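You will see subunit A twice below: alongside subunit B first, and alongside subunit C after that.
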Partner chain A sequence: MIEALLQTLLNGAATGGVYALVALGYTLVFSVLGVINFALGALFSLGGYLTYLLMGGAISANGALPGWGLPLALPFPLALLLAAALTGLASLVVESVAFAPLRRRNAEPLLYLITSLGAGLALVNLLQMLMGAEGYAFPAGALAGLPAAVVVGGARIRSVQVLLLAVCAAAVLALTLWLEHSRSGRALRAVAEDATTARLLGINSDAMLRLAFLVSGGLAGLGGGLIGVSISLPGPYVGIGYGLKGLAVLVLGGLGSVPGAIAGGLLMGLAEALVPAEASGWRDALAFAILFAVLLLRPNGLLGRRLVEKV
Partner chain B sequence: MIDNGLLVQMLIGALLGVSVYLPLAAGQLSLATPAFYAVGGTLAALLSTRVPALGAGTDGSLQLASFLLELLLGGLLAGGLALLVGRLVLRLQGIYLAIATIALVEIVRVAILNLPFTGGAIGIFGIPQPFPTAAGYLMPALGLLALAGWVCQRLEVMPLGRAMAAVRNDELAAGCMGIDTTRVKLTAFVLSAVLAGSTGALAAHFLNTWNARQGSFDTAVTMLAFVILGGSRSWLGPVVGGLLLTALPELLRPVGDGRLVLFALVILLGPVLFPQGLITPALLERLGRLGERAVASDQGPSGEGKP
Partner chain C sequence: MLEFPSAIAGSSRQDRRERGALRLASLLAATVGALAILGQQAEPATKPVAPLGAPDSALTIGAVIALTGNANLYGQDQRQGLDLARRWADALPLAAGDPPRRPLRLQLEDGGSDEATAIAAFNLLIKQGVLALIGPTLSQQAFAADPIAQRRGVPVVAPANTARGIPQIGHFISRVSAQSSVIAPLSIAEALRRDPQVKRVAVIYAQDDAYSTAETLIFQKTLKARGLAPVTVQRTQLADNDFQIPITAALQLQPELVVISVQAVAGGNLIRQLRELGYRGQIVVGNGLNTPNIFPICQRWCDGILIAQAYSPELNTPINRTFLQLFRDSNPGQSPPQITAQAWSAYQVLFEAVQRLQRRGGFDGLTLGQARAALMDELLAGRYDTPLGPIHFQKDGELVQGSFYVAEVRMDPGGRTGRFALVSTDTATAPPGASPPAR
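And then the complex of A and B:
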C-alpha cells in the first residue's frame, strides 16, 4: 500500500518535473518578449528524437532513410545533454524565422502566435517525414548500469523515475542559480523587467532575447529526451501534448513567474498521478479542468503578478 | 484537381474561419471554435445513428428535413454551451482567454474520447447521408456561408456590430460610452459557436464518420490561420483564407511527403509577408468604391443559395 502510494507520488513528481521544464521554457521567452512561443512543444519532440539518434538508434522502415543511424552510440547522459544543446540551437532558428521578422516591425502579438505555431507544425511534420509516424522505443540497455528499482525506506520504486526527477531538479536548480547569480542571468532579468532601461544601461537586449530562446529550447529538448527514455516516443506529436500541458502549468503558476512554473508543474503532475486507474482516460482533461478553475478564481495565476490596465 | 468533395471541404473551412473571426471582431482571441464544431458534429452523428425518427430510412438515405433539423440542433447545443462557458471565460483577457479556450477544446476532446456513447477512439461511423454524392452538400454549405456572410454584413451597420468594433478598438472606452461590453462579447462568442456547431453537423454527415480528433488543438491553429492569412478586418478575409488554406494541402499532393511541411511554412510565412492578411482594409476600400459605382446589387455574397 505504502509502496504503491510512494511509487504513484514519485511518478507524479517526475512527470511534474518535466511539465515544469516545459513551463520554464515558456516563462523565459515570455518574460523577455511578452509572447508565448508555441513552437516549444515541437522542440520537445525534436529533443526526444535527437536523444534517440545520438544513442545510436536507427530510423524505422517508414522514415526517409530506413535503417540509417548515426555512426556513434553515446551513453544516455551525454546524448541527453548534446540533444538538449542541439534543440537549443534549433530554438534559435525558430527565433530567427518566426520571431525576428515580426519583432523588427513591431507586429501585433497575435501574429507571433501564428508564426510560432507554423514553425512548430513545420518541425513536427519534418520529423514525421524523416522518422516516420510510428513510435520509437529507446535502444535496449539505454540505461545500462542503472538498477531497475531502488529500495527507499523499505519500498521498491522504479529508478528511472528517480532519475527523471533528479535531472529535472538539477536543471531547475541550475537555471535558478544562473538567473539569480550570473552576470548574463541578471542581465536577462533586467531585460525582462524593462527592456528599454536595460538597453540604456548597456545590456544588449537582442542577445539576451536569443539567449532566452537558446535556454528555453534546451529545457524543452531535455524534457523530450527524458520522456523518451522513461516511457517512449509515441510519434512526432509527442511534444504537442506536453507543450499544451506546459501551457496549463504556465498559467497555473502565473505567466512569467519562475517559482510559479516549478510549483505548478509539480502540482499538476501529482494531481494527474492521483487519478485512479479506472478513470485514466480522463487524466488528460484534468490539467485543463484545473487550469479552467484557476483562471476563473485567480485570473493571473497562483503566483502571478496582478496586472492592472493603466489608462 | 478541385472536385466537389474538396469544394465542400473548402466551404467548411470558410465557415470555420468566419466562426473564429466573429469573437475577434469584438477583440476576443478565442480558439474555442473546434470545441463547438466537435459538439455539433457529435450531436448530429448521435442523432442520426441512434434516434430512429431522425435516422436513415430503409434505403439508408436520410430525410433532408432531419438533416436540416440536425444542423439547427447542432448550432443550438453549441450556442447553449457557449452561453454557459462564455460567461466564465470572457472575463479573461488576451492570451489568458486564448489559453482558456484551448483548455476548453482539450476538455471537449477528452470528453468525446471517453464518454460511453461516443464510440471512443474509433468514433461514430456509418453516419447516414442525405445526398447521394458530394455535390449535394454544396448547396447547404453555400447556404450556410451565405447566411453567415449576410449576418456579418448586417452587423457592420447594426448597433451590435458597431459595439463589437468599439470593444475591439478599446474595451475600456467602449464601456465608458455605456456599451455593455460583457453582453457584446458574449453575443459574438455565442454567434461563433452556433456557426461552428451547425458546420460540425454538416461536416459529420459529409465525412460519414466522426471522432474526437475532429476538434483538436491543431485544428484550432489552422482555423486561426484562416483568419490571420485571409485578413481579420472583414468577414471576407476568413472566407478567402478558409477556402485557400483548405485547398492548399490537396493542391500540394503532387509534392508528396513534404506537403505538410510546405503547408506549415505557408502558415509561418503568411503573417511575415502579409501582416494585414490578403483582404486588407485598403483592398476593402477599393472594393467598396467599385461597389458604389455598381450600386445595383451588392448585398453580401453571391446569391441566396439556401436549399
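And then the complex of A and C:
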C-alpha cells in the first residue's frame, strides 16, 4: 500500500516537474512584460527535435530532407543542454518577431497573445515541414548505463522518470539561485517589479527582457528534450499539450510567481497521478476541475499576489 | 435661415448615404446570385462523364488519408499501398480483343488525424468531381466524413476502418477492412492457447477514439466468453503518450495478460513503458498497432506482442505475389504491413468495378452523379481476388473475407526493425446472406 502510494507520488512529481518547467518559462516572460508567450509550447517541441538531431537522429521519409542528420552524435546530457541553449536563441527570434515590434508601438497586451500564437503555429508547421509529422523515438542507447527501471522504497519507477525529476529539480534550483543571488537575476526581478524605476536605476530593461525570453525558451527546450527521451516525440504538436498544461499551472500557482509555478506544477502532476484507475481517462478533466476549485477559493492562485490597481 | 442650408446639406448627405447603401446592397445581392448560379453550374454531379477516347476521359479516384497528425503512421503505409496499386493497374496488359480501359487518376488529399480535416478533404474532392473516394484513415473520422459522401451519392471504400457500423452509415459506404468483432478475438484465443492458466487480465484503451472503444468491447466480450473478467480497465486518451500512471495502477493488480486498444504511436510508447516498468507477461494488441512504424518507437520492447491481422505476406496467390514483388522493389528485405495491403485492395476493387462497368458501356450518356451510383452497384456486386485473399461485399457494404491470421512481433537484435511473424491462420465462415447477388 505504501509502495503504491510512493509510486503514484513519484509519477506525479516527475510529470509535475515538466509542467513546472514550462510554467516557469511563462512566468519569466509574464513577470517582465505582463503578457503570456503562447509560442512556448512550440519551443518545447523544438527543444525535443533539436535534442533528437544533436544525438545523431536522422530525418524520416516524410521530412524535407529524408535521411539527413547532423554529422555528430552527442551523448544525451550534452545534446539536451545544447538543444536547450539553441531553443533559448529561437525564443529570442520569437521575441524580435512577435513581441518587439508591438512593444515599440505600445500595443495592447491582447495583440501580444495573437502574435505569439501566430509565431508558435508558424514554428510548429515549420517543424512539420522539415521533420515530417511522424513520431521520432530517441536511440535505445540514449540512456546507456541506466537500468530501464529502479526501485525506490519498494516502488518501481522508470529510470528516465527519475532523471526527468532530477533534471527538473536541478533546473528549478538553478533558476531560483540565479534570480535570488546573481546580479543579472536581481536586475531581472527589479524590471519585473517596476520597469520604469529599474531603468532610472540604470538597468537596461530591454536587455533584461531578452534575457527573460532566452531563459524561458531554454526551459521549454529542456522540457522538450526530457519528454522526448521519456515518451518519444509523437509529432510536432507534442509541445502544445504541455504548453496548455503549463499555462494552467501558471494560473494555478499565481501569475508571475516563481514558487507558485513550482508548487502549481507539482500539484497538477500529483492531482493527475492520484486520479483513481477507474476514472483514468478523465484525468485532464479532474485536474482542471481542481484548478477551477482552487481559483474559486484563491482567485490569484496559490501563491499569487493580490493585484491592486492604483488610481 | 442659417439652419436651412445646413438641413438641405444634411438631407443631401443622407440621400447620398442611402443611395450608396442601396447600390452596395444591390451589388452584394447580384454577387450572391451570380455565385449561386455559378455554384449550381459547377456542381460536378450534373455534368456528363467524358466518353472514352475524349481528351480528358480519365476518371478521378480521391484518397483521403492521414499524412499529418497522430495517425500519419498509418497514412504513410496507405499512401504506399495506393501508389503500388495504381502502378500495378496502369501496367496491366490488355488481352487481345479486350476493349480499351477507362483511365483512372488518383488524387491524394491529407485527411489529417481529426474529423474536421477529413471532412474538409471529403468536401474538396467531391466538389472537384471525383468518381469515388478511398478513406478516411480512422474510424473516428469516418463517422464524421462518410455521411457527407453518402448525402452527395459518392461511393466510399474505407481501407482501414474497423469500428462497428461504418458501412451501415449508408448505401454508398463500404470497406475492405474486416471489423474488429471478426479478427480481434483471434489474438486472445492465441494468448490463451499459449497459457491456458491466465486468470488476471488488464485492459487498456483510448476512451476518446471510436476504433479503440469499439475494439475493446470486442476484446472484453471475448474475455468474458472465456470466463475472464478484467482485473482492471484503464482508460487513456488519444493524445496521451505518458502512460506511467495507468500502467502503475494496472501492474499493482499483477496481470498475467495485458490487452491494449490504442493508436500506433501511443501504443508503441505504452508497450515500451509497460516493459520498462517490469511487466513480463503476454501482451495482445489491437489493429491500431498493425504497422511496422511502431517498431522504431517501442524498439526491442515490441518483441513477442500478439496481434490479429487481416493480411499475411505468406498468402500464396498470384495477386499477392505481385503485390509482394512491387512492395519489395521499393522496400528491399521488408514485408508489407496489413494496412498497405488493405489500401492496395481498396484501389483494386474500385479499379476492377470501373473497368467492368466500362466494358458494358456503363458510362455512356451518364452524368457523374449517375456514374457514381452505377459504380456503387457494380462494386457491391463484384468478387475480387486481392492481396487480402478473395473478398466480396455484403449488400450493406460490409466486407466478407475468407481468412485471418495471428502474428507475433519479432524484433531484430538491433531492436530498431522487426516483422510480424505468422503464428496461426483462421479460415472464417462467411456469415449468412453474405454472398453478393449473382451477375
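Going forward, the second predicted complex is superposed on the first by the 298 of 311 C-alpha atoms of A that agree within 3 Å, B and C clash if a C-alpha of one lies under 4 Å from a C-alpha of the other, contacts with A are read in each partner's own complex, and residues count from 1 in each chain.
The rule is simple: a residue touches a chain if its C-beta (ideal position, glycine included) is under 8 Å from a C-beta of that chain, and two chains touch if they have at least 3 such contacts.
Only a predicted model underlies this, so the values are computations on that prediction, with no experimental measurement involved.
Novice: Check subunit A with both subunit B and subunit C modelled on it and let me know: fit or clash.
Specialist: clash
Novice: What is the contact status of A:2 with respect to subunit B (first) and subunit C (second): first, second, both, or neither?
Specialist: So A:2 meets neither subunit B nor subunit C here.
Novice: Which partner chains sit in contact with A:62 here, subunit B, subunit C, both or neither? Use first/second/both/neither.
Specialist: Second partner only.
Novice: Touching A:110 in the superposition: subunit B (first), subunit C (second), both, neither?
Specialist: first
Novice: Can A:126 be said to touch subunit B (first), subunit C (second), both, or neither?
Specialist: first
Novice: Using the superposition on chain A described above, determine whether A:101 touches subunit B (first), subunit C (second), both, or neither.
Specialist: First partner only, subunit B.
Novice: Is A:161 in contact with subunit B, with subunit C, with both, or with neither (first, second, both, neither)?
Specialist: second
Novice: Just subunit B (first), just subunit C (second), both, or neither: which does A:144 touch?
Specialist: So A:144 meets neither subunit B nor subunit C here.
Novice: Answer with first, second, both or neither: which of subunit B and subunit C does A:284 touch in the superposed model?
Specialist: A:284 sits against subunit B and subunit C alike.
Novice: Does subunit B (first) or subunit C (second) touch A:200, or do both, or does neither?
Specialist: Once the two structures are laid over each other on A, A:200 reaches no partner at all.
Novice: Once both complexes are aligned on A, which of 39-47, 165-173, 255-263 or 291-299 in subunit B overlaps with subunit C?
Specialist: In the superposed model, subunit B runs into subunit C at 291-299.
Novice: Taking the two structures together, which residues of subunit A meet both subunit B and subunit C?
Specialist: Residues 128, 281-282, 284, which sit in both footprints.
Novice: Taking the touch rule as given, give the residues of subunit B at its contact with subunit A in the complex, in rising order.
Specialist: Those residues of subunit B that touch subunit A are 29, 88-89, 91-92, 94-96, 98-100, 102-104, 106-107, 110-111, 113-114, 172, 217-218, 221, 224-225, 228-229, 257-258, 260-261, 263-272, 275.
Novice: For the complex, give me every residue of subunit C touching subunit A.
Specialist: The touching residues are 67-70, 72-73, 76, 206-208, 232-237, 239, 241-242, 244-246, 248-252, 265-266, 268-269, 273, 275-278, 293, 296-297, 299-300, 415-416.
Novice: Across the complex, what residues on subunit A touch subunit C?
Specialist: The touching residues are 4, 7-8, 11-12, 14-15, 61-62, 128, 132-137, 140, 148-149, 156-158, 160-161, 227, 230-232, 234-235, 237-238, 241, 272-273, 275, 277-284.
Novice: Which part of subunit A faces subunit B closely enough to touch in the complex?
Specialist: My answer: residues 35-36, 38, 64, 97-98, 101-102, 105, 107, 109-111, 113-115, 117-122, 124-126, 128-129, 240, 244, 247-248, 251, 255, 281-282, 284-285, 288-289, 291-292, 295-296, 299, 309, 311.
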